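Heads up, the next two complexes both have chain A, just with different partners, chain B and then chain C.
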Partner chain A sequence: MATVTISDVWKYYGKTVAVKELNIEVRDNEFLCLLGPSGCGKSSTLRMLAGLEFISSGDIYFGDTRVNDIPPKDRDIAMVFENYALYPHKTVFENMANPLKLQKMNKVDIAERVEWAAKMLEITELLQRKPVELSGGQKQRTAIGRAIVREPKVFLFDEPIAHLDAKLRSHMRGELKHLQRRLETTTIYVTHDQLEGMTMADRIAVMHEGVLQQLGTPSEIYNHPVNEFVAGFVGEPPMNFVDCYIERQDDAVALVNDSGQMKLLLSDAQSRALAEKSADGVVRLGIRPDDLFVEAGQGHGLDFTAKIFITEPLGGDMLVEAELGDDRLTIKRKIADMGQPGEACGLAFNIEKLHVFDRETGEAFF
Partner chain B sequence: MASREIVRYKSPARTMFSALVILFLIVFFVWTVLPLAIMLISSFKDLLDAFKLPAEGDWGGIGVMFDFEPTGAHYVELFTEKNFGEYMRNSLIASLGSAVVSVFLGSMAAYALSRAEFRGKRDLLFWIISTRMAPVVAVMVPLYVIFRSSGLVGTLPGLILAYTTFNLPFAIWILKGFFDNVPYAIEEAALCDGANRWQALRMIMPLVAPGVGAFIVLCVLFGWNDFLFASIIGSGGAKTLPVATAELVQPVKIQWGSIMAAGVITTVPMMFLGLLIRRYLVTGLTMGAVRE
Partner chain C sequence: MTITESERGIQDPSEYRGVRRIDHAPQIFNNQPARYYLMWLLLPAIILLAGISLYPFVWLIYMSLHEVQLAPGKSDLWAGFDNFSRLFSDKNFARGWLTLFKYSALCLSVEISLGVLVAVILNNSRLEKLFITIFLMPMMMAPVVAGFLYMFLYNGTFGWYFWLLRSLGVLDGGSILGNKFWAMFGVVATDVWQWTPLIALITLAGLKRVPQEQVEANMVDGAGPVRNFFSVALPNLYPFLLIAILLRFMDNFRFIDTILIMTGGGPANATKILPTYLFDVSFKFFELGRGAAIAFTLLLLTILLGLVLTKIFEDPTRKIKSNGGG
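After this line comes the complex of A and B, so read on.
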C-alpha cells in the first residue's frame, strides 16, 4: 500500500541512455502497466524500482520515503521475473516460504501463509514438487505465490506471462487482474504485449526509446494517442497510416493521399486543429481497422473504390486488406463474402475517428 | 549431453580395428594394474618372498610370485614403530584443510568475479591463473625463505597455506565457470525476497554444489599426493605420507616391504574417494564448461 513516485529518473549504461527524464506517479493500489517494445527502458525502470539497478540520476519515492539508497531487501517489494527465477533445488513450498523465512517468521505462520497463497493460486497439490516437475503455468503461479505470501508495499511484474502459451496467457490475464483487485496492492507491470496492458491496467505508461510517450487510462491511450508511435503500438490489428497532404477549400480542410485517390473532408473541429499547418503541409493520417467500412463489389454507395488485396477470416470477424491507390489498409468487419483478391470493393472512413499526425515529429494534431 | 551413439557399419577394416582396440585395452590394463597389483601383493610378503621371481621367459613359474605366507607385519610396523598414523593424519589435515580454505575463499572470489563488472577484470583473472604458470620448483626457494621467517616451516598451517596458494587460483577459475552458469535472476529473486548479498550467495551455493564437490576432491588429491611442498615446507613437524614413504629409503637398507605397505595406504583412500564421487566428479567438471 503505497504510492510510487518516479521523479526525473535517468538511466545510462555506459554512454547509452536507457531511460530519459522519466516522471511517473503511481497511485495507491493502482495497476500501472509499463508498455513498450523491447529496449524501450521499461525493464530498466522496473529494475530501478526493485533496487536491482543503480539509478543514474533522479529519485524514486515509495510513499514519502526516498528509496534510491535502500537495498532491495529493505524496500518491501515483491517481484515476479520473466523467467520465474525459482530456486531449482527447493520445493514449491520452500520457494514460496523463502521470503517469510528471511523475515524470520515462525514456522506455523509461514505454513499458514503459504497455504493461503497456494489455495488462492490453486497449486496446493504441487507444494512438495520441485520446479523441474512443473509446467510453465505452474512455475509462474509459484513465482507469483512467492510474491504474494507477504504483504509488500509494491508488486513488480516483469513480463510474467510472456513465456506461456497463448491460451494460458489469456487465462492468466484475468487471474492476475482479479488477484490485484483482491490484494489491493500497488502494482507495476512491465510488458511488451499491448493486449496485457489494455486488459489489465488502470493506467498505461507507453515508453519508447527510453522516453515516456503517454500516460493514461487504456481508453485514453487507445482513443487519443498523443503521437504516431503510441497510435501504432496500441491496438490489434495496428492502426493504418496514410501519408496525406492538406488541401484547403474556403474554410474547410481536406486530406488527400499522395496518389490522389482519397480525399477526406474534415469536420470543423478537426479543421481548426489543423489550422496552424500551412496549406501545403504534409501530414500522416491514422485510422483504426475498426473505423473503416468495406463492402464487396461495385454499387456499394461508399465513398471510395479500392481493390481487395487479401482477406483473413477470423471466425466471426474478418480482416480485409484493401489497396487504395498506393496505400494498403487493413479493415476489420463482420465476416462476409468479400470476393477474390484483385476485385473491387467499396471503402469508407469514419471521419470522427480519424487521427492526424505530423509527418516529421509524429505528434498528433487530434 | 551432446554425445550420442555413433552408427557403425560392418567392414573388414572395422573388424580389424575392433581387434586392435581390444588388444590395446589389454596392454593398457596390464600396464596400469600390474604395478598396483605388485605393490599390493608385495606389501603382504616378507623380504625374502618379495624377491622370489621366476626366471626370465619362464611363464609357468609365475606361480612363484603368489607362493607366500601373507603377513601384516609391514602394516603393523608402519603404524607402531614408524608413526604412520600421525603422518596420515598430517596428510589428511593438510589436504582437507587446504581444500576447505581454497573452496571457501575461492567461491567468494569466484562469485564476485562472476557477478561484478569492473575495470581490469580480465587482467585480474589472467593474473590469478598466471600464478599457476610458474613451476613449483621455481618459487620454492623464495617461498621457503618467506615461510621460514614467518615461522611456518614444519607446521601444518604452513603446509595448508602452501597448498592453498596453489589451489586457490584454480578454485577461482573453476568455480567462476559454475557461478557464470547460475542465472542472475535467481539471486535477484533472493534479493527481492529480502535476502542480503551474503544470504543470496548462500541461496545459490546448492546450485554450484557439484562444482564445489568436484573441486574439493581435486584439491584433496593435490595435497595428498604432493611431495615437493611437503618435503620442503612440511619437513620436520608436518611430515606427510609421501615424505614419510620416501624416508623409508635409507642408505643402508631399503625397506621394500614397508615402502609397499606405505604405498598401499597412500593410494587406497584416494582410490575409494575416486570411486565414491566418480559420477559427481564428471558432472561437476563438465557442468561448468558447457551451457545448457
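After this line comes the complex of A and C, so read on.
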C-alpha cells in the first residue's frame, strides 16, 4: 500500500561497490522482482530497503517518507528470509504472532489474525508445532505467515523458495503470486532464478555487478533485452550467441559467422536499425533456442546443413545441440528421431527473432 | 615434502589399508574384533581412572560409617549411620548449607547478569580482543592469590577498597571482613571479580552463534534492541548459560580457598559455607568420620542440583541444536 522509490542509491562494503547508482520506482501494489546472479547487489538492495543495511549514499522513500534513518522496526515492512529465520523456541503460532505481539495488539485479535493467515496458507493444523518439527515447505509457509499477519506497507522476499525441492517450488510460485494479488501489497522479491521472475513478477529489474541492467515487464525483458547479459541470463535454455560480421550486398545487409558457414539476410527494419546505430564490422548474434528450426537428415529443405552434437529428450520436447561450423547452437523442438550424433541435420533461423549485440560493449542493436 | 597417494601410485584409497581405516573411522565400532581390540587398548586407562576416582569414594563411604581413630594402633570403630543422624541436630551443618546457598545464589546471579552484560557490550566492538585479554587475567590467578589480594584491598588499615567505601560513607565502622553483614559481600565480590570473565567469555562465544537472520527477522517484526536480546538472543544462549551456571555452581560448592584465606568462615560464621565447615570438622577437630558424612551429603546434593539444572535447560537446548541442521 505504498510506492517505493530507490533514488540514486549506492552501497559500499569497504572499497567494494555492491550497488551502483540504483534508481527504481516500484509502483503501488506492484510485484517487482530483483533478478541477478549471486553478488549482483540484489540482496544488498533488499537489505537496504529493510533497514538492515546502511545506505552509503542516495535515498529510499516509502510513499513520500524518506526512510533512510528509520530503523527496521518502524518501517512497517514484512520480510521473508532465505533460511526462513523462524524462532526455534517458539511454536508456529507464536512465530506468526510475534509481529502482532510487538505491535501490542490484544490477544483475541492476534489469535484471529494468525488463524486467518494460517487458513490461507493451509497450516492451521501445524500451529502448535515447533519449527524443528516442520518440513522445508511448512517452515516456508510459516515464514510467509509471519509476514502476512499484519498489513505492512511493503513485502520483502529474499529468495524465499530457493531451498525447496523443484516440485514444491513450482507450486509455491503460483501460491505466492496468488497471495500477492489477493493481499494487494507492494512486493519486492529477490531471486537468482529467472523462472521465478518471469512467472511471478509484474516487472523485473535485472541487476549485474551492482548495476541495474534493465527494468521492464517479463515480456519486455525476454523479447527485447537491452544487452547481452540480460539476453543470456533470462530464458531457459539460454540464448545462443554467435560471433558474426556484417556484410553489405547492394541494399541488403547480411550477418556472416566467423567460419563463413552461416549467412543470414536481415530484414529491412533490422538493416535500418543497424545503420541507425552505425553498427559496422563485428557483432554478436543472439537467438533463442525456440526461434531455431531443426530437421533430421539430408533432404530437409532448410537454409543450412549442420551436424548433430547431442540430443536431450525432455519428454514432449527435446533439445538438440547442433554444430554449424565452429559454433554450437541449442535448439528446442517437438520430440522426434533426430538420428545419431555426428549425422547431418537441417537448420534454419527465425530472422524476425534475431538479436544483435555489440561485440565489445554487449549493448543490443535490436 | 609430503608424498600424496597418487604420487605413490595408489589410486583407490581402499587399496591402502591405513587410509581406509581412517576414512571409515566410525565403522570400526561396528566391527566386533576391532572393538575388542580397542577395549584392550583402553582398559589400562579405565582401570587407572577408576582407581583414582573410585578408591577415595569408597574410602569416603567407609569413613562416614566409622568413628575414625587417628592415634596409631587404634582401629576404627563401626558407627553405623551415627555420623549422618548426628548431622540433623548439628546447627552449624544446617547453617552451613544456608550460607552456601546464599553465597552461591549471590555469586551466580551477579556473575551471570554482569557476565552477559559485559559480553553483549563487548560483542562486535572494536576493542573486543583487547578487553577479553585484559578480562582473562583474574581467571589466571590462583583462588588463594585472589583471596589474599582482596584481603589486602579490604584491609582496615591500608586497604584501598576499604578506604573507598569509607570515604563514600557506605561503611560506618569496623572493617569489611570483620562485619557480619559486609563480609558476605566481600567474599562474593572476590568470586565475582575472578569468575565473571569466564561467564562473559562463554556468553560471548554463544552470542557469535546466535543466528543473525533471527535477529534481523525480529527487527523487521518490530522489536527494538532490548526486546530483541530477550526474545531471540537469550533463548539461543541457554545452552551456553547452562554450561556457565553448572561450572560456577559446582565451583562454589567445592572451592574454599578464597573464603578460608579471607575470613576463615567468620565473622561469627557469617561466611562459613558448608565446605568451610567441612574443612573445620575434618582438619581442625579431626573428626574424619563426621567430615566424611558431610562431604557425602555435599556430593549428593551437587549431583542432584546438577541434574535438576540440566533438566531445566534441556528442552530449549535440544530444540535449538536440532534446528541448527535444518
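Simple rule for what comes next: the second predicted complex is superposed on the first by the 361 of 366 C-alpha atoms of A that agree within 3 Å, B and C clash if a C-alpha of one lies under 4 Å from a C-alpha of the other, contacts with A are read in each partner's own complex, and residues count from 1 in each chain.
What we mean here is this: contacts are C-beta pairs under 8 Å (C-beta built on N, C-alpha and C of every residue); 3 or more make two chains touch, one makes a residue touch a chain.
All figures in this text were calculated on a predicted structure; none of them were measured in a lab.
*Asks:* With both structures lined up on chain A, is it a clash or a fit for chain B and chain C?
*Replies:* Here chain B and chain C cannot both sit on chain A without a clash.
*Asks:* If you stack the two complexes on chain A, which partner ends up touching A:226: first (chain B), second (chain C), both, or neither?
*Replies:* neither
*Asks:* If you count the residues of chain A that each partner touches, which comes out higher, chain B or chain C?
*Replies:* C
*Asks:* Given the touch rule stated above, what does A:87 touch, chain B (first), chain C (second), both, or neither?
*Replies:* Both partners, chain B and chain C.
*Asks:* Of the partners chain B and chain C, which touch A:131 in the superposed model: first, second, both, neither?
*Replies:* In the superposition, A:131 touches chain C alone.
*Asks:* Now for A:172: first (chain B), second (chain C), both, or neither, which partner does it touch?
*Replies:* Neither partner.
*Asks:* Name the residues of chain A shared by its contacts with chain B and its contacts with chain C.
*Replies:* Touching chain B in the first complex and chain C in the second, residues 50-52, 71-73, 77-79, 81-83, 85-89, 98-99, 102-103, 146, 156 of chain A appear in both lists.
*Asks:* Within their complex, state which residues of chain B touch chain A.
*Replies:* Those in contact with chain A are residues 183, 185-186, 188-196, 199, 203, 206-207.
*Asks:* If you look only at chain A, which of its residues touch chain C in the complex?
*Replies:* Those in contact with chain C are residues 50-52, 71-75, 77-79, 81-83, 85-89, 98-99, 102-103, 130-132, 136, 139, 146, 156.
*Asks:* Given the complex with chain B, which residues does chain A contribute to the contact?
*Replies:* Going by the criterion above, the answer is residues 50-52, 71-73, 77-79, 81-83, 85-89, 98-99, 102-103, 146, 156.
*Asks:* Which part of chain C faces chain A closely enough to touch in the complex?
*Replies:* Residues of chain C touching chain A: 211, 213-214, 216-224, 227, 231-232, 235-236, 316, 319-320, 322-323, 326.
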